[in-house]
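Here it is, the structure, as structure tokens.
By written order: A, B and C. Residues from 1 in each chain.
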């Protein structure tokens, strides 16, 4: 196998996805589609099941009801075609930065010069040149996050699932990484599902935003972002979209304590 | 810091005193009972059984005649002389029969407070080998059993190896009680053993092994077992020791006379006692007796032997030379002079 | 963007707990002082140990408790001359080490793969558990008669060492596999790792910390068992034989010397494993 992807891009379809853990309903009958090469952001209050949704899409968590489809095939287990950036980084502590990033390539059997170049490219992309031989425990949170991103992108999967990937970065780095991500996306055009807290980030990055309710998570609304890129965060139309979305999230959708039952009047 | 120092010293003192307190102290004992140590199924020590036997004493046992009551010390009979010396150290044994080498080694090395007061026998062991072993060199790379590394049997083996030019490091020497040795020899687990009678006679008569060298051949007419006493006990009860020795002498005399007269009643009775004492059949003990020389004297020859043993034990490395001075002796002669106490035997009457 | 600006730690080398603790200290000079004070403490403590030992020995005044001077003398003697068994201490050590290494290595070779499989496949672990739980409590020494008959010298001592080291290695390996964070396994799978690759590249490295604990424990038990196992009688000497025969003839100075050797060697060996671990993980 060589460095190129097996399938260029893929679409994702979430159909009536319900995920229950014992007595807890994390996700309730979620349905939405992500088109080939589309950049979709998922936002919602804390505890609404965004991570669970992402894991279900990756194939790491099985649905209690419903399915996830990738290009006409049901997703039943994880695989390299659905790369994932975890919120907790999940870096391999016994490997260096370089080895972590190259892990997926190793799994594919890529070796030698091709592998080295590939890894170097992604090290560069996330701005970690000079730190290749460091171990995760020697890195700050932000740096670890970058390694996680590079690692997921290095295999150039058809779908990239990202769970708050810029959460540990400072404002400047965050902004830089957002631009960087768009650049990469424009080049390779994978399908990206991006979970975030930040409405602004969602609007800046995504083609479409899916808004989830508090637990049990349901799709409250979807909003296509028509603005041309590069989007200006301070622009009037940007703010209009932001206001609109905040409107959708605000009423009764405040972040609730984890143990509370669903709030009355939840739009679902 | 000072406080910590004081505490440390205090703790050390308490620990030290605790340890010292655990050391056995001579206890007052009813004047007549003696706790006797001896070795397991060792025909050399048959005098102990004889002195306890009413028939041999002609109605009452020799011990009784001399006003001595004996009982087996805790753990007796012992697997080897080294173990017996340990039991001297712990106060279990007051008077004991054991080989001269362990009596020397453990006194000098471990400071066991004993003295030697009489002889028990000379010679009486042998190196037995499996039938297929032809020459001494055949023992190299093989395993040989001894009752213990402090025992005279190991000492004899070291002498044998030295005489034959064998490197002892190439012979694996393991410990085992003599009753187990023949079985292991037959099973092929050991190539030979050195043991006290009747176990060598036993191996020969069953055909399990053959004699490669009797102990007499290794060290002609060698001193073997002695009577040892706990120093403190002897100092507190010299009369009792005298009487014990009188019984021992009488018993030994009886044995010698019985052996000199095969077919006599005494001879038959001695065989019966020996069979009971060693749990070996009649023909085996009869054969075994021919390899033992029973005697009680402490003559110059005895002192010479004792001295030679000590020097040889030092030479072989069982006893570091410094131990002599550590125990307070200026030389080997000084040691022999102070360690062997002939006065009890003299008081008991000539052998 | 600059990652260096984010980097809080001193990038100058292996990060260890101690340097992490000293993260806020000003620099190399302080580190140097810290190191030399540690060495100082160890030296003083060691000295105090010997002084106390000598004091206790002097107070007790029994041949059964020799002091460090006597022990030292016996040690030098044992190292320079053959004893009455015909061996120098070097030969005893070499023989025992040989048996330990073989027995321990055999145990590791069997226990680690077994532990990895059992840790990964619940069924295997459950199936093996009664076998393990019933044999584990049996002291290795109880196997001696069996070992003598079935293996004979010298394998019988090696077998005892094997038994002693097997269980801690196996059990810790199983624990090690279970300790691998499920999230890491998830991440590996989303990167395309499956079965063999997952096992060798995630499970095994992830278990290494526990495995090395198991190895260290196993080595400790191996040491403890070798001394008793050698009393059976083994060719070529050994520390166990040395200790036993020296005790038999009342040479407690030599017994203590043997104990010192065992202590030092045991420490070196387990340090060796820790050292290897530390080097590996940098």
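As a convention for this text, a contact is a pair of C-beta atoms (placed from the backbone, for glycine too) under 8 Å apart; a residue touches a chain by one contact, two chains touch by 3 or more.
Just so we're clear, the structure is a prediction, and the values are computed from it rather than from any experiment.
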Farthest chain relative to chain A (centres taken as mean CA coordinates)
B
Going by C-alpha centres, which chain would you call the most central?
C
Any idea how many Å lie between the Cα centroids of chain B and chain C?
42
With chain centres taken as the means of their Cα atoms, state the distance from chain A to chain C in Å.
46
Taking each chain's centre as its mean C-alpha position, how far apart are chain A and chain B in Å?
87
List, in ascending order, every residue of chain B touching at least 2 other chains.
none
In the complex with chain C, residue positions of chain B that touch it
8, 12-13, 15-17, 19-20, 23, 82, 85, 105-106, 108-112, 141, 143, 148-150, 158, 167-170, 172-175, 189, 316-320, 322
Which residues of chain C touch chain B in the complex?
52, 55-56, 59-65, 73-74, 77, 81-87, 91, 148, 152-153, 231-237, 244-245, 248-253
Name, in rising order, each residue of chain A that touches chain C in their complex.
55, 58, 60, 77-80, 82-84, 86, 88, 90-92, 94-95, 103-104, 106-108, 127-131, 134-135, 137-140, 142-143, 146, 151-152, 155, 161, 170, 172-173, 176-177
Can you tell me which positions in chain C touch chain A when the two form their complex?
1-4, 6-9, 11, 15, 181, 183-184, 186-194, 197, 201-202, 205-206, 208, 281-282
